[in-house]
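The following blocks contain the structures, represented as structure tokens.
Common to both upcoming complexes is chain A, partnered first by chain B, then by chain C.
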Partner chain A sequence: MGKKILLEHINVPGIKSLDVYRQNGGYASVEKALKTMAPDVIVEEVKKSGLRGRGGAGFPTGMKWSFLAKPEGVERYLVVNADESEPGTFKDRYLMEKIPHILLEGMITSSFALGAKTSCIYIRGEYFYVSRILEAAIEEAYAAGLLGKNILGTNFSHDIFVQVGAGAYICGEETALLESLEGKRGNPRIKPPFPAVAGLYGCPTVVNNVETIASVPYIVMNGGDDYAKIGIGRSTGTKLISASGHINKPGVYEIEMGITVEDFIYSEEYCGGILNGKKLKAVVAGGSSVPILPAELILRTEKGEPRLMSYESLSDGGFATGTMLGSGGFMVYDETTSIVKNLYTFARFYHHESCGQCSPCREGTGWMEKILHRIVEGHGKHGDTDLLWDIQRKIEGNTICPLGDAAAWPVASAIRHFRAEFEEYINHPERIKEFKHLQELVS
Partner chain B sequence: MAKVTIDGESIEVPDGTTILQAARMIGGDNVPPAMCYHSKLKTSGGYCRTCIVKVSKGSEKDPRPMPKLVPSCRTTVMDGMEVQNNTSAEVLEARRGVVEFLLINHPLDCPVCDQAGECHLQDLGYENGAAKTRYDFPRRKFNMIDIGPNIKMHMTRCIMCFRCVKTADQITDNRVHGMLFRGDASEISTYIEKAIINDFSGNMIDVCPVGALTDKTFRFKSRVWFTKPMDAHRDCKKCSGKVALWEKGNEVLRVTSRKDKWGESEEWICNECRFDKKDIKDWVIEGPRHIDRHSVISLNHYENVVAKLKIDIAKQQKQIVDKK
Partner chain C sequence: MSKEIKFNEETIALVNKIIKRYPEGKQKSALLPVLHIAQAEFDGWLSPETMEYVASLLRIKPVEVFEVASFYSMYNLKPVGKCILEVCRTSSCWSRGSEDIIKHLEKKLGIKVGETSKDGMFTIKSVECLGSCGGAPMLQCGASFHENLTLDKLDNIVENYRVEGKRKSYTDQDFKNTL
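Let's look at the complex of A and B:
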């Protein structure tokens, strides 16, 4: 069994409640931080831990914290990103639903380190019931003196608010999230300035993912060096993986970074192998926006080394033969899957979720969806694959926020690794009803 | 001060200047096209992506190139920065991509559009567009809405530059329109019909780079290249009263703000000057207005003729005097 940090107590009955959570060592980091540590020391420990943002980009958290501007007399904020809308990702929901207090504990400790008197959880509208769980937990924390004025008798006071979004993927992008929090339309801001300088209401703000913040209590309790020993290389610690698709045991798993992808897919501890003993065709390893990889490239890198569940190993080979760990939304496809249809579904999503501010994403996502639609309907035209390639290339890297890239990468990777399947759809529309022929194309 | 080199030409500019502003100071053919940036509107720019350039050297201190193309209207210069615009094939290709994106859903109804002849999208398409479209789906349509008494809105022509939104925010007392919906279904709208009624709303027409917002009092009156632009002014309590009149014969067909060589309003004017003062007697005429930017208007230009006439008259007068 690998090391568990976040889900260690997940199966303890009643862990949702403050009492049971505290009986299992909960809120010890608040006590330790507020009473025995200086804020800068905590930031230093987080730096040492090598913890990287779990929201998708993998930016070192300690570094992000140290960028926070600290002008005299200006409020600072911590905002927790619980928008979790990347298709294939559902780990934050699991964590908040099962052990809400681990997030609150992380928020209080982190806010102390950052000098934030107020913090906020921005949660997606579809997680309305989870927001109720959080609210209840917050109430418990206030009653226990863990929130509010003079927490645990110290000078530190803190308030936490929960804000429910209205169900837009783009509001997960940190600056769109801040706009939405301010009550405006969720359009990403043009950067610079970055939130660390001018974030919520123009004040310095740190935006972190739920899982990132929930990892902080362990670091405070055990030290950054201890955390850094878990995992592999620059991928320290554990990571929650949302596993879905054609596997025997879909669900949320906490893995120690560095286990092999093969182990993760086939071992009984995790996914338990491919459903119905079928063959593995492809994997999207980090949420819908990361490049899809065919079986041989997800299991082994181009150099023939086993692919590991880590930031570095998954991106080994760049986009030509690699992918990204992203948010840890691990989607497994067996040999019966149509990559083109799957891509069409993704393209529909990105088209629907584009905010519409910048021309390449606003116009390009719709165009790609239309072309993919006609291809899956059997009306594809010769040259459509090249056209798709060209459109995605002109979106990528030329937009205000990374949603443009997120829309482009799945298209690029599907064409890169499964071009024959596109051509099959276009050249033999009469055969697309039976997917069997697609299996021959895989190998 | 910072020294920046754009397509091989260098200039020293104050700190905080954007690449686009620096390029405009240098002038010439290497100025990136801009559709959503407007020099008189704060926080404008960054949306359309037509002004993208390549930063091949970040600065003297940190010479690394920037990893992506950047919008020149939103990127400030650093000392020693080197920028490629027309000299980068990558920039030109990406820009052609942006222009294609802006055009795929555009109705191309220039023959019936009042903006034709002074439309920035026409210029952009002419300079950077392809001759044929690769888009073979039905183009986007919107329901027509009536946004108020003075301005005609054609949402199908809008390129989402946000200039009108920022104008309403920054120069009127109350913005009542904005962007509704999302992605390619986004539209500029008032939500409540006929809502735009304030003294400076007409400036939204001037900032709109395309024919999405046009002047109802000028609707279908004339193609712009058949009208004569004149600088004129009047005493006005609400604005500077300095305008451009667009005449045909002795009739004033349209009043607009005076625009600089980038097609951007120099000063805002009020709705009374714009919509109500259509009698030549309302105005003190200063003389013909030079329009730099729009080839069609300039082609039909008479100002040179007028200037020449002035010289001729002066000459004749001198000859008469000399004879005496």
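Let's look at the complex of A and C:
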């Protein structure tokens, strides 16, 4: 069993409640931080921990915090990104639903470090029921003096509220999220200025993912150096992996970074192997945006070394033969899966979710969906594969926010590694029914 | 649709409580939450009258409400059934059989995706990833997530909603989830 930080107490009955959470050491970091630590010291510990943003980008959290502008007399905000909309990702929902206080504890401690009087959880609208769970937890925390004025008798006062979105993947992008929080369409802003300088209502703002903030209590309690010892290399700590697709045990797993991908897929502790004893065909390791890899490249790098669950190992080989850890949305596909049809579901997703602000993304995602649709329906034209390649290249890097890249990469990687399958669809439409994916539903 | 577009006192108090979260003059931040409430109260969709009412409550222009309401997928700009069966169709749900779920629903209810049953009870909607990939295939109805669907389970879910006969909203306090 690997080290557990976030899910250590997940199976304790009643852990959702404040009392049980505190009986298991909960909120100790608030006590320690507010009473014995200076805000800058906490920021230093987070820097030392090597903690990286768990939403997908993997940017060092301590560095992000140290960028926060601190002009006199201006409010600062901490906004927790609980928009979790990257296909294949459901870890934050699990964490917030099962153990909501770990997020609140992290928010109070982090807000103290950042000097934020108010913080907010922006949660995707579809998770409305989770917002109820969070609100109940917030109410408990107020009643216990862990929120509100003079927390635990100190000079630090803090308020937390939950803001519910309304269905838009783009609001996971931090500036779109801030626009949405201000009651507008989720159109990403041009950067700079970065939110650390001009974020919510033009005030300095830190936006962090749920899992990132939930990791802060451990760092405050045990020190950044201790956290940095967990994991491997620059991939410090643990990571929540959302495992789904053709595996025996879909679910959320906390892994110590550095375990092998093979172990993660096949061991009983994690995914438990491929469903129905079938063979592994491909994996999307970090949410729909990251490149898909065929079995041989996800299990071993091009150099033949075992691929590890870490930022560095998953990206070994660049986009030619590697991928990314991303959000940890780990989707597994067995040998019967049509890569082309699967890609079509991604292309449809990105077209649906493009905010429409930048023409390469707005138009390009639509073209890619349309072309893939005709291919999967047996009407693909000669040259369509090259056309798709050409479109994705022209989207990548040419948009305000990373949604364009996110839409391009799955297309590029599917063609790079499975080009023959596209040609098979185009040249032999009569064989498409053989690819048709039929999952036997247990009735 | 003869109902007057106006919140009762309790709801007005809730709206005011939401507005208080934000700094003075930033009441527009309440737009998304208030639209959710309005949709739940006024027959599950946002009519032009409803949007104008919300604009007046938040002291913003109606067009500011419309541009937001038309951007986010959870707001309905047309009348819908009491229960919207929102079936996820993205990768993991697709790979675990969401197409079969949709086909079964279409056959069972005699309507296509995007349509509402004649009795006004059900609308079928296909939606993008709902963050429930570990419970694929899944559907959402109101605040509830129904995961690890089989055709049998699906029949039961639909029958239960039919018997209950109530409108389901995201804002419902009661919810089921199978996580």
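Quick note on the criterion: the second predicted complex is superposed on the first by the 435 of 443 C-alpha atoms of A that agree within 3 Å, B and C clash if a C-alpha of one lies under 4 Å from a C-alpha of the other, contacts with A are read in each partner's own complex, and residues count from 1 in each chain.
The criterion applied here is as follows: contacts are C-beta pairs under 8 Å (C-beta built on N, C-alpha and C of every residue); 3 or more make two chains touch, one makes a residue touch a chain.
What you see is a predicted model; the values in this text were computed from it and never measured.
Engineer: Classify the contacts of A:L387 with the two partner chains as first (chain B alone), second (chain C alone), both, or neither.
Structural biologist: So A:L387 only meets chain B here.
Engineer: Is A:R185 contacted by the first partner chain B, the second partner chain C, both or neither?
Structural biologist: A:R185: touches chain B and chain C.
Engineer: For A:C358, select first, second, both or neither according to whether it touches chain B, chain C, the two together, or no partner.
Structural biologist: first
Engineer: Is A:L146 touching anything from chain B or chain C once the two structures are fitted on A? First, second, both or neither.
Structural biologist: neither
Engineer: Among the partners chain B and chain C, which is in contact with a greater number of residues of chain A?
Structural biologist: C
Engineer: Identify the partner contact of A:M257: answer first if only chain B is touched, second if only chain C is, both if each is, neither if none is.
Structural biologist: It touches nothing on chain B or chain C.
Engineer: May I ask you to decide whether A:G397 touches chain B, chain C, both, or neither, giving the answer as first, second, both or neither?
Structural biologist: Only chain B is touched by A:G397; chain C is not.
Engineer: Please indicate which partner A:A168 is in contact with in the superposed arrangement: first for chain B, second for chain C, both, or neither.
Structural biologist: both
Engineer: Quick check on the superposed pair: does A:I15 touch chain B, chain C, both, or neither? Answer first, second, both or neither.
Structural biologist: In the superposition, A:I15 contacts neither chain B nor chain C.
Engineer: Going by the contact rule set out at the top, does A:K370 touch chain B (first), chain C (second), both, or neither?
Structural biologist: first
Engineer: Which parts of chain A are touched by chain B and by chain C alike?
Structural biologist: 168, 185, 352-353, 355.
Engineer: Flag every residue of chain A that touches chain B in the complex, lowest number first.
Structural biologist: Touch residues, chain A against chain B: 168, 170, 185, 187, 190, 351-360, 362-367, 370, 387, 393-394, 397-400.
Engineer: Enumerate the contact residues on chain C facing chain A in the complex.
Structural biologist: Chain C reaches chain A through residues 21, 23, 26, 28-33, 35-36, 58, 60, 64, 67-68, 71-75, 89-92, 94-97, 99-100, 128-136, 140, 143-145, 149-152, 170-171, 173, 175, 177, 179.
Engineer: In the complex of these two chains, what residues of chain A are touching chain C?
Structural biologist: Per the stated touch rule, the residues are 75, 84-90, 92-94, 97, 124-129, 132, 161, 163-169, 180-186, 201, 242-246, 250-252, 284, 288, 329, 331, 333, 337, 341-342, 345-346, 348-349, 352-353, 355, 437-439, 441-443.
Engineer: Can you tell me which positions in chain B touch chain A when the two form their complex?
Structural biologist: Touching chain A from chain B are residues 45-50, 52, 68-69, 74, 93-94, 97-98, 100-102, 104-105, 134-135, 137, 159-160, 162, 178-179, 181-186.
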